[in-house]
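This is the structure I have questions about; it appears just below.
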Amino acid sequence: MSENTRVDGRTPAQMRPVTIERGWSAQAEGSALISFGATKVLCTASFTPGVPRWLAGKGTGWVTAEYSMLPRSTNERMQRESVRGKIGGRTHEISRLIGRSLRAIIDTKALGENTIVIDCDVLQADGGTRTASITGAYVALAEAIEWARANGHVSKNAKPLTDSVAAVSVGIVDEIAMSDLAYVEDSRAGTDMNVVVTGSGDFVEVQGTAEGAPFTRAELNTLLDLAVDSTAELAELQRTILAEGS
Amino acid sequence: MSENTRVDGRTPAQMRPVTIERGWSAQAEGSALISFGATKVLCTASFTPGVPRWLAGKGTGWVTAEYSMLPRSTNERMQRESVRGKIGGRTHEISRLIGRSLRAIIDTKALGENTIVIDCDVLQADGGTRTASITGAYVALAEAIEWARANGHVSKNAKPLTDSVAAVSVGIVDEIAMSDLAYVEDSRAGTDMNVVVTGSGDFVEVQGTAEGAPFTRAELNTLLDLAVDSTAELAELQRTILAEGS
Amino acid sequence: MSENTRVDGRTPAQMRPVTIERGWSAQAEGSALISFGATKVLCTASFTPGVPRWLAGKGTGWVTAEYSMLPRSTNERMQRESVRGKIGGRTHEISRLIGRSLRAIIDTKALGENTIVIDCDVLQADGGTRTASITGAYVALAEAIEWARANGHVSKNAKPLTDSVAAVSVGIVDEIAMSDLAYVEDSRAGTDMNVVVTGSGDFVEVQGTAEGAPFTRAELNTLLDLAVDSTAELAELQRTILAEGS
Amino acid sequence: MSENTRVDGRTPAQMRPVTIERGWSAQAEGSALISFGATKVLCTASFTPGVPRWLAGKGTGWVTAEYSMLPRSTNERMQRESVRGKIGGRTHEISRLIGRSLRAIIDTKALGENTIVIDCDVLQADGGTRTASITGAYVALAEAIEWARANGHVSKNAKPLTDSVAAVSVGIVDEIAMSDLAYVEDSRAGTDMNVVVTGSGDFVEVQGTAEGAPFTRAELNTLLDLAVDSTAELAELQRTILAEGS
Amino acid sequence: MSENTRVDGRTPAQMRPVTIERGWSAQAEGSALISFGATKVLCTASFTPGVPRWLAGKGTGWVTAEYSMLPRSTNERMQRESVRGKIGGRTHEISRLIGRSLRAIIDTKALGENTIVIDCDVLQADGGTRTASITGAYVALAEAIEWARANGHVSKNAKPLTDSVAAVSVGIVDEIAMSDLAYVEDSRAGTDMNVVVTGSGDFVEVQGTAEGAPFTRAELNTLLDLAVDSTAELAELQRTILAEGS
Amino acid sequence: MSENTRVDGRTPAQMRPVTIERGWSAQAEGSALISFGATKVLCTASFTPGVPRWLAGKGTGWVTAEYSMLPRSTNERMQRESVRGKIGGRTHEISRLIGRSLRAIIDTKALGENTIVIDCDVLQADGGTRTASITGAYVALAEAIEWARANGHVSKNAKPLTDSVAAVSVGIVDEIAMSDLAYVEDSRAGTDMNVVVTGSGDFVEVQGTAEGAPFTRAELNTLLDLAVDSTAELAELQRTILAEGS
């Protein structure tokens, strides 16, 4: 293997094949089954008129998200959080990240007093579940807003979506900066960064973590460059999928 | 609508289209994505050498099951049980039913000191989630046992599966006995019965419940006749699918 | 021991001695201490005007039930569910069964907007705790309705009870079909069935489970015959007890 | 009503009728159904060879207790602690009190490496449930130790019980010091004291609480005098009951 | 060491150095950092207009308390109760004791429909954490009432505090009665008593426990004498601190 | 107010006064009471020989952290997580962040099979509690390692600490980039970033979040510059404090 190729033959800057199946669910107001390689996440958006009590009467809507993994989405079966009786820190962290990412591109005034709950359930996990979740959640969210407009819950002229949003994990593995880490790469990465970027190319979240040795400013810059390129590809795919109709 | 046809045009004795996709999961030792009409359940079987401590040293294996619904598998979003912090009675009841149904056709001596955990996660719900779960779980279980035999955890000559098992819900709706109730039928049914039957046609579970008026011995017999016929069809489909290989 | 006698000398179709002590509790609106042999269950019925919020304004009442075992009702002490911090699947299952059984013979319109909560607490367990619970719960329920009528919460002419209800466990032990299994019989039974029957002889619940080998249609029929006879005896006893007054 | 008589005609120093039914349970190694007037508590003692891991190998035994109320033991139905998912402060407090009271009269060396768990389940509550529990628990404990001696778990000469123990609630109601408060008295008491006393007349616990105005040293002394007299009566009853055999 | 001196040189009747730092918190309406020797407790009082729903409209206020220990306030680190997912019996017991002690010297009518929540968090523990908590909580409570009066929530003439309250632990160690036990003394004490006394010298709580042998009436009297003297010293210190202003 | 000064008169790049009191706890192996302005956090380090079971026999140690806020550390009292019965997502997130930050500068081989648990308890909160926690936790950790070396648990020549670590929050408030945000600034910040930096100036964590509008690459760079400067000041203070001895 040459130094610049990866276990599955990709170049460092190359993402895995990404597919998005819109309108997967017959029940939800918006939905998308997204895959980043072997990672598969079912994203649904549930639209409900009205907001939680603490927001009522302010004329603004609410978007929130929950993330979970099926027990055998992983290589070894994990115990269900419902069986353990509590939600782990990692699950909380990712649910909050997805919610913040979507709220960054929502104009809650334009949404009106309506609530959208996003569920991201990982059916199969091979690294990048949180970034696939954010990228798919945006498509489900956009579908739910189309639905709400078609059903008169959001007015024709209102533009609740101010931009699109997508995310990718980037990292340094064996001293090479790489995009869209698969599980085996992620577990060997010295530095791991999840970057959430709008369709316009601005940052919503930058979360970089030194798993081993601390990282330098130069390494940080290289990783951000990779992330900006990959999320631009994802934004393009989202646009195409949403233009097709469900 | 004539008195003998149903909302989707089926005859009373007719099941919805049933499909089983074997080997859906790249991670699990056995898996099947089963659909009974719009009801879709992902069934995985996780094989682990060894048994829980209370069984150790007895030379017998263990098979257990867990059932869960994705929050937006239903028409209105349900709160996750992990968020509520406890598992509801219905979930417990169905998990236990699936486990008992599978153990009825397993020879745990022949399985050896190995554990198989079945997970049935409902991706989309339109009635009959527990019966689809049992029917799909059997396919995942059979796959996991093939895997275990191929990987030397179960000996070539051992026959841990003594039979196959499948299930159907039958009920009386507007005084007509029907097979494989969809959600709208189930919610109007006066009597509802879940029947688990082996490939040989014997009963593993008979659970009949009067939702409205109590039911007579004659009605019980009609429902059992329907269930025996429908589960025979399911057993035939299971045989075909498993013969094809994954 | 001849093939047709049991460990305590009963014939296969014979129930254990059944006693019902009405009005056991000085606090509850209805109560009964029931024993099926060594199995003893304290059943209370708590009547409250009004219904849960989700039922309010519909003009119908609500009946629900909770089942629990004292920690040393059994041969070995069990941990309390309150100490474990969660309710087990079996407890949930039985609580739901008792509630459904009683709702099958209640006309909730005639009950009016009132709630009755049944508590079945097992003081001593020797098999058949769920069937004794249902049988005793009916007596407590009937007492609570008498109380409600006497106290003006239910009108004189209303008939909230449409029938009576009783239950028995039947099973196949050593190839013999038997009624009202004691614990030692139950744990050796190949097939175990709990049957809930109205005073008129119709079925409310039929729950048959193959603990070992699956069972045939003929065996199912034999067991149902036994259950119908035994519950007819129980219905007669309930009538006598309730006629006596408390 | 003259100033020195009570709602049920008792004199201030007079306890309610106390009955103790030994050996109530067919399952437990020791048991007693105790009543202080309408208050009824079922006390069982579960004997197990061996001790919790943190005590193993020290040659000493362990005695602990759990207290609980049936949901309809009270005038208004209470929610079960198992349903609420946590044990309330009052339950914890009383369980700990019962355990400490019994450990004060146990020689754990003489008990050997054995564990006795006491369960006190209140079937009907009319004040004094914790003091009735302690008094009944002693009888169940003594029975369990007899059983252990008869079954060879405790040697013939060992004397694990160093004394007996009983308890009473005393309090000041309308400025009169009274023994064994019934519920209506307890809820009007300005000062309420639970006193646990050995058969020899020494104190194990003194728990006095000013519910309204603080109390004086003189009032404290009057209450202690009452408690010493009442617990002497209880000790005498315990001796009689245990002498009779079960 | 002579028989009448203690490990830190104190006489039996002597308390450890006690310091109270008023107004420690910049956020709370009342606060005090209290130390009894190495035992340090941060007490805050949170004032909120309004009362819990069950008290609304009765014209009376509410005072309650919560006690907790930091995980490394003790010699060996304890697991957090938030991590264990449940609050232990000891914590509940002490929280309730602090609340009752404060309510004994509060006129809830004069407080008006306002709520004060006291938090006692043990930063460092060396015995006597509950008695230090009560003593410090009174100062925080008095500050919060001053604040409420200054901010117009309680009228100028209202006197919600009817007295002061303080507490001390006393016990018999090696047959000598001692005041204000440090941890090493407490763990060797045969009898341990927590006594809560008003500024006027009357009792609010007397909680004596025989850890080893039961105690006699004479011992009880000696301990109460010690407690009355020590709490008088504490009351004097509270008066001085509160007179100084924050 | 000129555009470049802040509510408390600081310049944009200026931190609040930072104080670190080493050895605050008499019980813990390492401790520090740190303040960033009005934010005060008590950090303790608990050293225990041995490691969790999953690490045993690998020759490496373990460092983990828990973060919590006292209920009245904030402007309005929060409910305790122990009372709510579960730990919130924010608490989990911060505990994990502190643990990862410390593990980045620990050589677990050099630590040997020993465990250090860091507790960061916020006594008073005014923004920056997580960054103050990390900065103080490092001092407590360093103290605990000194203690372990002095007590023979870590060998004289081993260097478990490979660097120091400190953290600061930076953000954009009213379009001005500022360091060490106080609570009122943090709640108005459009972009908020927590940066964890080693003594050598490399990054351990970079967590930037757009609270309002997404942020540009240029803004990200300005914030990182500020963070590098402020954490260099903190590293200098840590060196000075640790050089002084406790």
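Think of it as A, B, C, D, E and F in the order they're written, each chain with its own count starting at 1.
In this section, contacts are C-beta pairs under 8 Å (C-beta built on N, C-alpha and C of every residue); 3 or more make two chains touch, one makes a residue touch a chain.
A quick note: this is a predicted structure, and the numbers were derived from the prediction, not measured.
Looking at chain D and chain F, the chains that touch each of them are E.
A separation of 60 Å divides the Cα centre of chain B from that of chain E.
Rounded to whole angstrom units, the spacing between the C-alpha centres of chain C and chain D is 33. As a whole-number value, the distance joining the C-alpha centres of chain B and chain D reads 51 Å.
Counting partners per residue, chain A has 85-87 as the residues that reach two or more other chains.
All chains form one closed ring of contacts, and listing them from chain E in the direction of chain F gives E, F, A, B, C, D.
On the chain D side of its complex with chain C, the touching residues are 25-28, 31, 38, 42, 44, 46, 48, 66, 68, 70-75, 77, 80-83, 85-87, 91, 117, 119, 121, 123-126. The touching residues of chain E, counted against chain D in their complex, run 86-90, 92-93, 95-96, 100, 104-105, 163, 193, 198, 200, 202-210, 213-217, 220, 224.
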